[in-house]
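Structure provided below as structure tokens; questions to follow.
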Amino acid sequence: MSDNSLMKTLATYDRRWVYLVLFLVVVGPLLRPIGMPISVSPDTRQYYEAISSVEEGDKILFTLNTEFSGYNEIQAGIVATMRVFIEHNTKICVAVGHPEATGIPELVFNQLRSELDANGYVYGEDYVILGYVMPNEASVASMSQDFQGAITQDWLGRSIDDTFLSEINTWEDWDLIADFTTGLATTYLLNHFALRGTPMTVNCIGVMIASQKPYVDSGVYLAILQSMRGGAELEYLTGHPGPGLTAMDAFTFGHYMLLLFIIAGNVGYYGYTRQQRGGG
Amino acid sequence: MATPLFQVPLIAEGRFIGLILDILIFALVLYYTSGDKKIYIRRVAGLDAIEEAVGRAAEMGKPVVASYGLGGFTYWTLAGLSILSHVATLSAKTGTRLIVPTGGSTESLIVRPVAEEIVKTAYTMEGVPDQYNPDDLPFLSGQQYAYVGGYVGILQRTRPASTIMTGSHWSDAMNIAETSNAVGAITITSGAYISNVAALACASDYILIGEEAPAAGAYLSDDPSQRASIRVQDIFKWIALGCIILGLVLSNMGINIVENLLST
Amino acid sequence: MDTQGSREEEDKMVTMIDYSITIVGAFLAMCMFTTLYGKSSPLYALAEESYIGFGTGLTIVINAEYIWRTGIVNIMRGDYILILALILGAMILFRVHPKYNYVARIPIAIALGAQFGLSLRTIIFSGFIQQITASIVPLFGGDMMTMLYRWTIALSVIFMMTFFFYSIELKGPLATSAKIGEYFLYTAFGAIFAQTFMGRLGLFVGFMQSYTVPPWKKPILLAAMFIVFAAIVIMDRTGMLEKYTPVE
Amino acid sequence: MAEILKNRQLQIAVMALAFLLVFVPYFIEVPALEAASTKLITITAIVNAVTLILALQSQIRRGLNIVQRRQTGWYFKAYMIITMVLMVVFAFFGRETGPYHWVMYAVVNPLSSVNYGILAFYMASTAARAFRARNTQALLLLTTGFIVLLYQAPLTGAYAPWLEPIALYFGDTFGMAAGRMFLISVTVGAIVFGVRVLMGKETSVLGVGKEEV
């Protein structure tokens, strides 16, 4: 009898237990990180090769097509990629595709203060933050065709005339687009830049992997970095441990917890339904 | 890398075939919507599930919650509206209470009056216009989060027998589907984008996968334009399939004509 | 070493502003998590309306700025054709006017036309032609793994495609092919579900991490978790949830 | 004047003209046309930004209604309207520091994050209750889902590297093919829909007739 009720519990427990356990297994390791080992996937290696092949003076369009929520997932990738660009002394232009993302460049550059200083980065000369310039497809299209006509000021209203951006006119003038995305303007960048031939890499949230992967395979993107795990792997490759790597314990536990629940659910399902059939 | 077969004067390099395909779509839509062509549409299995869901509600004496998504006028929304019309007719026939959450985005504001009209018409056609209650089409604001909150609240308070969620839903879909399941409703959903479809396929009792929803909508609707649309999409799928198979065969024999033609 | 140094520096400079941002943020976030409790509550309403209110305010600011930068600044620089944008924009506002709403039709027509022009001209390449050419790959030669990958993709695309034909009856080999396509689709769904879960888990982990790094935030997070959880349980037990929760 | 503006034919003609002005220069390379098309695109972008006012109008009107009728929890709506106005006012005090900056990081950042992060919970409970081998489809889904989930846990990759090729195989073949399949079918669907609107077959999209708000 008790066996039956155990099976029933496994098959029909209150889903709030799942919520509570997931909450605890994530918060626990974040409060006390263990530092479990990880492996690096081929996609991340390809991405690392793509971003580290930039050369000094290359003009890079660094697009943040994400809300704050997405930033939390892919910040490891954003910071690690930006570090690589700074270390290669490239010219970086940050543009964002969501109102919330106007607050993200500050978070990124604050983490890279020492790298910026070490490479002598000066705002205006070496990097510019444009703010929310990609609200819709039309605006991205005009950035691609007539940059000077579409963009006149940076995010705080200062003219961009005296910056390196004055040399940008069309999509051809960018050496690389590094996109960080939860969706939003990425499709527009794809249509109006990547498809015309601007090299482009993408770091997307996990939800988008399935829809973005075909573009890598068909050669439209140079490479793709997947979700937070990709960011952690990139941190490992660049040799600068950061938020991605410390979150990997919680990541592992979250996955294992779900697997346990699935196993328990199936055991319960078979045990319970079989007993019901046998009894009835 | 494929090389273009030929260069058409005036036309930008590598864009000729794209232009031709776009023009072909125009021509086909024009052809199939003109005159009185009755286009065959296959009945998708999901429609039986919808009928069962409404029948279950009638038996249990509980309401049905049906939504057409929170997007603007896209073809997903149109499909959702066609299905809503069918659900409303079934509800009117069986005397089941139908609740339709509306709103959810700025674009959806212009869809709402159409939905109202559809439900009202269904009740009138079935001869029970007095059963139509405008308060059962609550407007849950033009914000996605407020919409989800309101939707979930309705599910929790009314505990419907069935939930039929079609049209465009984004990250809100899982929240609604899980709550619907938690309150014991039969959950039928449709998904437009792939990550959502995979998750909804697990969370729902029945799912209309991708294009199944527009096809179901076209099947139910008399609108020649919707049916023509499904036919033209089918033709283009045949083209894609033909190109892929032919291309695979030829390119493995060392003839790259298909890739080269496509990059012309 | 460098990051270590800057971390310590940051720790020293924690200001009252940093504390207040963390306290308010942690509290509101936990309020939003209360929706998992399965009942709506005033705490959730507080979080939700805060987000809608401030979020909409933010959207207003950013859009106004866009109109200013792209429109007005350029007009003042002599690009007078952009005045048309302001006129059309004003016309579109008539949409909500009960009597003169027809005025909005022209700007809507222009916006829609341009929109379709933009998407139709490119998606045929990215979503159709390029996907076909990417499917045409050498099926022989290369190592076993590559061949297995390529054969699976080619067959999957072909079988799945037949599952999505609607204007013909599925009979004979086509029906078999569609059935195989359906099985392949569900196999794919398993993998995609897992990837999606990874993404959502990443969002959640990343967010929680922003309240555990740097370490001075940890007690604030724990306190917020405890207070909100206790509050929701007490409110549920005492019937206060029903009384104070707003009804849509 | 009113009669001209109400004319549906004119509306469709204008739409078609705008369409052609953007569409054609992409295929036929004439610099003057290209420039005109870019200008039209910029104009459209600005017009789109203006439409926000419409959304605001309906949102504020609805909030005020609830406040006036003193519905349960009306004070939350009043609070919403106040915070909306406050945010606009804050923007005038600068955005790098001050109240705008504070709200951005104390309110918008965490709430936006939770909003999506919470979906991890729904997906977990879905998997826990629905990943059950009920029929062939469900069994296939369960099997691949289980393998890929197991691989995605970073620790597994370090200790069971043999799982990587299997898990990647499912994602990069079946998952990729499904993604491509969906992309092709959604693309064609979207183009066909666009064509229907341009041909005046979908009048509701233009807001003609009884559909008007």
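Letters A, B, C and D mark the chains in the order given here, with residues in each chain numbered from 1 onward.
Following the convention adopted for this analysis, a contact is a pair of C-beta atoms (placed from the backbone, for glycine too) under 8 Å apart; a residue touches a chain by one contact, two chains touch by 3 or more.
Nothing here was measured: the structure is a model prediction, and the numbers come from that model.
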item: Topological distance between chain A and chain D, in contact steps; value: 1
item: Chain whose average C-alpha position is farthest from chain B's own; value: A
item: Comparison of C-D and B-D (more C-beta pairs in contact); value: C-D
item: Inter-chain centre distance, chain B versus chain D - centres from mean C-alpha coordinates, in Å; value: 16
item: Cα-centroid distance, chain C relative to chain D, in whole angstrom; value: 7
item: Centroid distance [mean C-alpha coordinates] between chain C and chain A, Å; value: 13
item: Chain centre separation (chain B, chain C; CA means) in Å; value: 20
item: Sites on chain A at which at least two other chains make contact; value: 15, 19, 23, 69-72, 100, 102, 135, 138-139, 141, 149-150, 207-211, 214, 217, 229, 251, 254-255, 258
item: Where chain C touches two or more other chains at once, by residue number; value: 33, 35-36, 38, 51-52, 55-56, 58-59, 61, 63, 66, 70, 114-115, 118-126, 128, 131-135, 157, 161, 164, 185-186, 188-193, 195-201, 203-204, 206-208, 210, 247
item: Where chain B touches two or more other chains, by residue; value: 15, 18, 22, 141, 143, 145, 171, 178, 182, 193-195, 197-199, 201-202, 210-211, 233, 236-237, 240
item: Chain-level touch network, classified as line, ring, star, complete or other; value: complete
item: Touching residues on chain B, where the partner in the complex is chain D; value: 10-12, 15-16, 18-19, 22, 25-26, 29-30, 33, 73-75, 78, 106, 109-110, 112-114, 117, 139, 141-143, 145, 171, 174-175, 177-178, 181, 192-194, 197, 199, 201-203, 210-211, 214, 225, 229, 232-233, 236-237, 240
item: For the chain C and chain B complex, residues of the former touching the latter; value: 35, 38-40, 44, 48, 51-52, 56, 120-121, 124-125, 128-129, 131-133, 135-140, 154, 157-158, 161-162, 164-170, 185-186, 188-190, 192-193, 195-196, 199, 247-248
item: Residues of chain B defined as touching chain C within the complex; value: 2, 15, 17-18, 21-22, 39-42, 44, 138, 140-141, 143, 145-146, 149-150, 152-154, 156, 182, 194-195, 197-199, 201-202, 209-212, 215, 218, 227, 230-231, 233-234, 236-238, 240-241, 243-245, 247-248, 251-252, 258-259, 262-263
item: Sites on chain C touched by chain A in the complex; value: 2-3, 5-6, 33, 36-38, 55, 58-59, 61-63, 65-66, 69-70, 73-74, 77, 79, 114-115, 118-119, 122-123, 125-126, 130-131, 133-134, 191-192, 195-210, 212-213, 218, 221-222, 225
item: Residues on chain D engaged by chain A in the complex (per definition of touch); value: 34-35, 37-39, 41-42, 44-45, 48-49, 95-96, 101, 104-105, 108-110, 112-117, 120-121, 124-125, 127-129, 131-134, 142, 145-146, 149-150, 152-159, 161, 164, 168, 171-172, 175-176, 178-180, 182-183
